[in-house]
Amino acid sequence: MTSLIKVWELPGGIHPPEHKDQSLQLPLGRVPLPPVLVIPLNQHMGTPAQPVVQVGERVLAGQLIGAADGTFSANTHASTSGTVIAIEERAIPHPSGMNSESVVIEPDGKDEWIELTPCEDYRSLDRLTLLDKIRAAGVAGLGGAGFPTAVKLAPKSTQVIDTLILNGAECEPYITADDMLMQVRAAELVAGTLLLSHILHHPKNLLIGIEDNKPKAIAAVKAAVAGAAVTDPEAANIQVVVFPTKYPSGGAKQLTQILTGREIPSGHHSADIGVICVNVGTAVAAWRAVRFGEPLVSRVTTMVGDALATQRNVDVLLGTPISYLLTQHGFNANNASRVVMGGPMMGFTLLDLAAPVIKTTNCILAPSKQELPEPTPAQACIRCGICAEVCPASLLPQQLFWYAQAEDFDRLESHNLFDCIECGACSYVCPSTIPLVQYYRAAKGSIRLHEIEKEKSDRSRQRFEFRQERIAKEEAEKEAKRVARQKAAEEAKKKLAEKAAETAAAPVSSADPISAAAVKVSATQATPDEQKAKLERLVAAAKNTLEFQQKPLVPNKTNPVISEEQLVKQQVRIKQAELKLAEAEQKLADFITGLGTTPAAAASAAAAPIAAEPAVDMNDPVAAAIARAQAKLTMSPEDKARANLESLRGRLAKAEEKVAAAKADGSANLDALQQGAEKLQQKIAEALAELSALGIEDKPAPVAAPATEPAAPEPVSAEQSAAQAAIEKAKAKAAALANMSDDEKRAEQIQSLQTRLTKARERLAKAEAENDANIEAFRAGVTKLEEKLQELA
Amino acid sequence: MIEFVFQNPILSALLALGGLSAAFGAVLGFAAVKFKVEGDPIVDQIDALLPQTQCGQCGHPGCRPYAQAIAGGEDINKCPPGGQATINALADLLDVEAPSLDAEHGEHLDVKRVAFIREDECIGCTKCIQACPMDAILGAAKQMHTVIADECTGCDLCVEPCPVDCIDMIPVETDLKTWKWDLPATNQNPVFHVVANEVNLIASDLGRGHAFGDQHDGNKAA
Amino acid sequence: MALLNITSPHTHGANRTGRLMRLVVYATIPGIVALTHFFGIGVLINVLLASLSCIAFEALVMKLRARPIMFYLRDCSALVTGVLIGVSLPPYCPWWLVISASFVAIVLAKQLYGGMGFNPFNPAMVAYVLLLISFPVQMTQWATPLPMLADGQTAPSLVAALDKIFFSIPIDGYSSATVLDVMKQNSGLTLDDLYQQQPVFVEGRWAGAGWEWVNIAFLLGGIYLLYKKVFTWHAPISMLLALVVMSALFYDSGSSNSGGSPTYHLLSGATMLGAFFIVTDPVSSAVSTRGRIVYGALIGVLIYVIRAWGTSYPDGVGFAVLLMNFAAPFIDYYTTPRTYGHKKPRRATDASTQDGGH
């Protein structure tokens, strides 16, 4: 039990004034219940816990309020009984001063506990059960990092643990929380050590490492070990190792080195070299979790600093606001230079004193202005090298500083920046008072962000390339189809030619579109069975739709009430479905009757009208298409426009007839039909305009493209063109913006907004006319644009 | 023969030089083959430096095309999302002077942004989906769309096509995960010391700037 | 109470740059006293003149650079440079020599490189070497040390010294060859003979009249600085050791070819001044402890090489230090320490993401 182990020398290190006596004068104290407890859900390293209580719910002490989210997370419990009054973002102790989701509990003062399940003999339990108990209790490293303890205690099967280290070094000045804990809970610490040893399959070395400036704690722990050894032979194995005080011997890496002489390889865990290092407070918490089933709801915290009237250690409930704690200890805000969570070497300043005590709060340091004055201005680095001498990780701090200043991340990494433990020894000794640690933290943060960004940009590249590939593939498919169609067309053309030669003397003048049309037809007609099947499917689908629409409207969750409007809409849809069904049936019937003639006959029929132009058999769609194409090809633009106009007029007449019919029926489709008629009228107007333009300006009229090129539409991907259009626009905009003054820019913006507004209004009008379902959205768009415009104007 | 060579100094000199050059040539040739560096083609290297927003502000449809254009001799200052950092990195790679960003292609925004669709207002037109170079917008026709914020590069290309203007570019806020310490205060960026005198600093004075807070010995900038 | 977001650590050791520099100045006092004792008032005038002009130049440059003057003067680095120039230059040298040296050191060698902490070369040595090359006559005229003065002759009075310095009024018999000159020009005499024949050795005990005491005085100052932990022992001790090793190797049993005994080398010329006040200049030296050992040792070797085999300059401290200033980054590159958790040191250019451990 006495220290037989060799104590290794820590390279570097410093001896700052200890200031440990002032908080050890009083016994471990308690504070009254605070008026409110703020329990953050991420008090540990890893994913925040998920809240499992509701606002207004009454919770008991020890009740689970935040459930661990995954393995790298920890449970969070209510520290006392009371009511959850909020689950919201609250200030947390974090160097950023940011808020985080917290459960706010108003204590009822009764401190009623949930029923705990104690365990008399943990040795009878499975190790996994024990780990589960520790996990359920939300135990996380109380030393400062807040690493979930259950994760730490479950090393990989390849990692053989031969040494368990209990870290009672507490090397930071001012902090005495672990010292006090070892003094008053030494027995529990020894029991916890044995428990952890049991979980870790009884490692050979059980070491409790304590710096030699804590004689009382050393005596207490040694006595407890001796006491436990009476009943438990394994306790005799525990060695209390006392080693010289030196900062930062309490770092897990450094303590491992001091007690075992082994270094944890860079980028690895201590378990990789067979060592598990646990803070003494954590061991006690784990013991209480197993023995009493007690979740981690309180911890020992040192209240220290000359700005406090009372300096001592307190056993404080997690979630107690620090401001409350400070008030309880007579905090003199006027004389305080800052409030630090943690020690003077590694702690961080609190930006909001409303932040609560959390699992990792080992010390609240409220120094006076004389005690820790503001840092003096930094001078130039004189490369004195004292920082390199005190660095416990044997880094070259002045080189790291140099490269951090220059943001040379490659060099920083090759100087092992990430092996820096941010102990602050270098800053402490720096004669030029350079805030070195801040440089390293900033650089580490930047490197991490850069890595995240790099990863993201790589992913973006992949996604973009994948998209490009996909688009290319789609295009290739379209192209292949087009080629296939062309081939088929050529074959058909050949056949046509043959047939024509057979049937008529007149040679076929086969312009491309015609043959293409023929091919299209032949492509579709080549397999009448398929076509028939398709039509049948169409009918079936139409029937389905009809049935679906005919289903009575049932009130559901999203739509509890069926409105009049909905009923009307449904009827309209039923009507449409009926129409479609009728149409589909008609088509099928037509097709079946038309099937009598063979495809070849159809083709020959198609060939015939080409030879004899005017005689077009309108019943044969093939021939009709070819004829139309032929006709269009031969027509002058004017003729075309005229023809277009004619056809439009025809369609209008038909549409108007339909409208009239609908009116007579009182059909629900009336609106739609009227809309169609209006559109046709518009088109006619357009066509007229075109015609007149042709007449007056003698300009080549725009060709009605879809009609003239039935076979080969440009295989341009809609997506790509949209994207390109957007790019073009953006380009143009950027170019224009660059050349403009602010006023012009604004004018330009107004201009563009106005055009957008007009567009939006048009769309809205259209939507209104069509009774579009999205009408509201359009309206909102218009209003927004108007607002924007007003803002600018 | 050898004697003849020795007797003709010019000839021997020629022979010696010729021999030497042949020998060195052989060594160099061997080295070139043996120690050949299989470097990335330059386009890949340039592409790796570009921010991959695929925003097209450079005038090319994506980052890779711009990388190809740069490899073909185009200016390296046309990437606003990358900003000066990217330009410097490119200049470093290509060993040229780093120009400043060409304002013609837009301005560099310090804050990263992502697109956000106000989902109540989305009409499901799919126009933004077609415009998104990242496939980072999810949705179908007549269905509400949403942006996968993690995949969005903030390229802006979806904003213009939206018929109902329901896409906003919102700045990405720092959270506890992305928060980091800033570099210590300097005169350019005073964090906790008030700068009393306005002093022109050069790079070497970074980190010392806040000294001036307590200096009043009349060193106004000349 | 303002809640300041101050980075850790919140506490700070007592070390300050200004304090370190002041300690260095204090540590030169024994050396200056010894020099003044042996060479007269001229040494003090040199030190005073150099210090004042260095501070003036520093203030001037700070003014030109629009920097807070007092903030920069408080670090006392200019004062250190001035004192070092003062003790390096020959006593009673012309005033303009001192002023030029100060100008070269502060303006050219220090501020043009970016000021304190950025100068690659030791400013005082740059000044010394530049002037030595430019004005070899003035720079090598050392005053006769006290024990060698003719009977009845005393060190020059203040008035005579000022006359000499500012008005070039010569002082009779004021200069003589230094020990190093004597040793360098020796050919044919064994060391024993030399020690018996040359008055400079006759008057001295180990390494020449006056000089040995001056070196011992600087050694005392150096030990004080070591005790005060202003610098570590690595660079100065390794330099001295290297010098001893070199002189022992080439001692040649004191023959006429001998370069001098180790004692002679340790206690003559600027050895101790160099070891404890020049080599330890942190700004221009190597950074790691291993690096400083190498740096110091190489300076020691170079000093011996220049002293023994150099052609025209008797002492080599200045040249040796400057040459190794050049090499400091190179030394740094090869002497990076092994970081905790790594198997071997990592080179500064090693960008691979090695984890060192496995």
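In order of appearance the chains are A, B and C, and numbering begins at 1 in each one.
The rule we apply is simple: a contact is a pair of C-beta atoms (placed from the backbone, for glycine too) under 8 Å apart; a residue touches a chain by one contact, two chains touch by 3 or more.
Note that the coordinates shown come from a computational prediction; the quantities given were computed from them, not determined experimentally.
Q: Among the chains, which one keeps its Cα centre farthest from the Cα centre of chain B?
A: If we average the C-alpha coordinates per chain, C ends up farthest from chain B.
Q: If I average the Cα coordinates per chain and compare with the overall Cα mean, which chain comes out closest?
A: B
Q: Please compute the C-alpha centroid of chain A, do the same for chain C, then give the distance between them in whole Å.
A: Chain centroid spacing, chain A to chain C, equals 62 Å.
Q: Taking each chain's centre as its mean C-alpha position, how far apart are chain A and chain B in Å?
A: Result: the chain centres lie 25 Å from each other.
Q: List the centre-to-centre spacing of chain B and chain C in whole Å, with centres computed as mean CA coordinates.
A: The separation of the two C-alpha centroids amounts to 47 Å.
Q: If you look at chain B, which of its residues touch at least two other chains?
A: Within chain B, residues 181, 184, 204, 211 contact more than one other chain.
Q: Quick check: what residues of chain C touch more than one other chain, meaning two or more?
A: Touching at least two other chains: 4-7, 71, 115, 118.
Q: Please output the residue numbers of chain A that touch at least 2 other chains, ranges allowed.
A: Answer for chain A, listing residues that touch two or more other chains: 95, 377, 379-380, 435, 438, 441.
Q: Across the complex, what residues on chain B touch chain A?
A: For this pair, the touching residues of chain B are 47, 50-57, 59, 61-64, 103-106, 121-124, 127, 130-131, 133-136, 150-151, 153, 156-157, 160-161, 163-166, 174-176, 178-184, 193, 204, 206-208, 210-211, 213-214.
Q: What residues on chain C touch chain A, complex-wise?
A: Touching chain A: residues 1, 3-13, 15-17, 19-20, 71, 75, 77, 115-118, 231-232, 282-283, 285, 287-289, 292, 332, 336-343, 346-351, 353, 355-358 of chain C.
Q: Could you pull out which chain A residues touch chain C in their complex?
A: Contact set of chain A toward chain C: 11, 14, 16-17, 95, 97, 173, 253, 257, 263-268, 272, 333-334, 336-340, 342, 344-353, 365, 367, 372, 374-377, 379-386, 388-389, 392-396, 398-399, 410-411, 413-416, 419, 422, 424, 427-433, 435, 437-438, 441.
Q: What part of chain A is in contact with chain B in the complex they form?
A: Listed in rising order, the residues of chain A that touch chain B are 42, 94-96, 98, 100, 377-380, 404-405, 434-435, 438-439, 441-446, 448-449, 452, 456-461, 463-468, 718-719, 722-724, 726-727, 729-731, 734-735, 737-739, 756, 759-760, 763, 774, 777-778, 780-781, 784-785.
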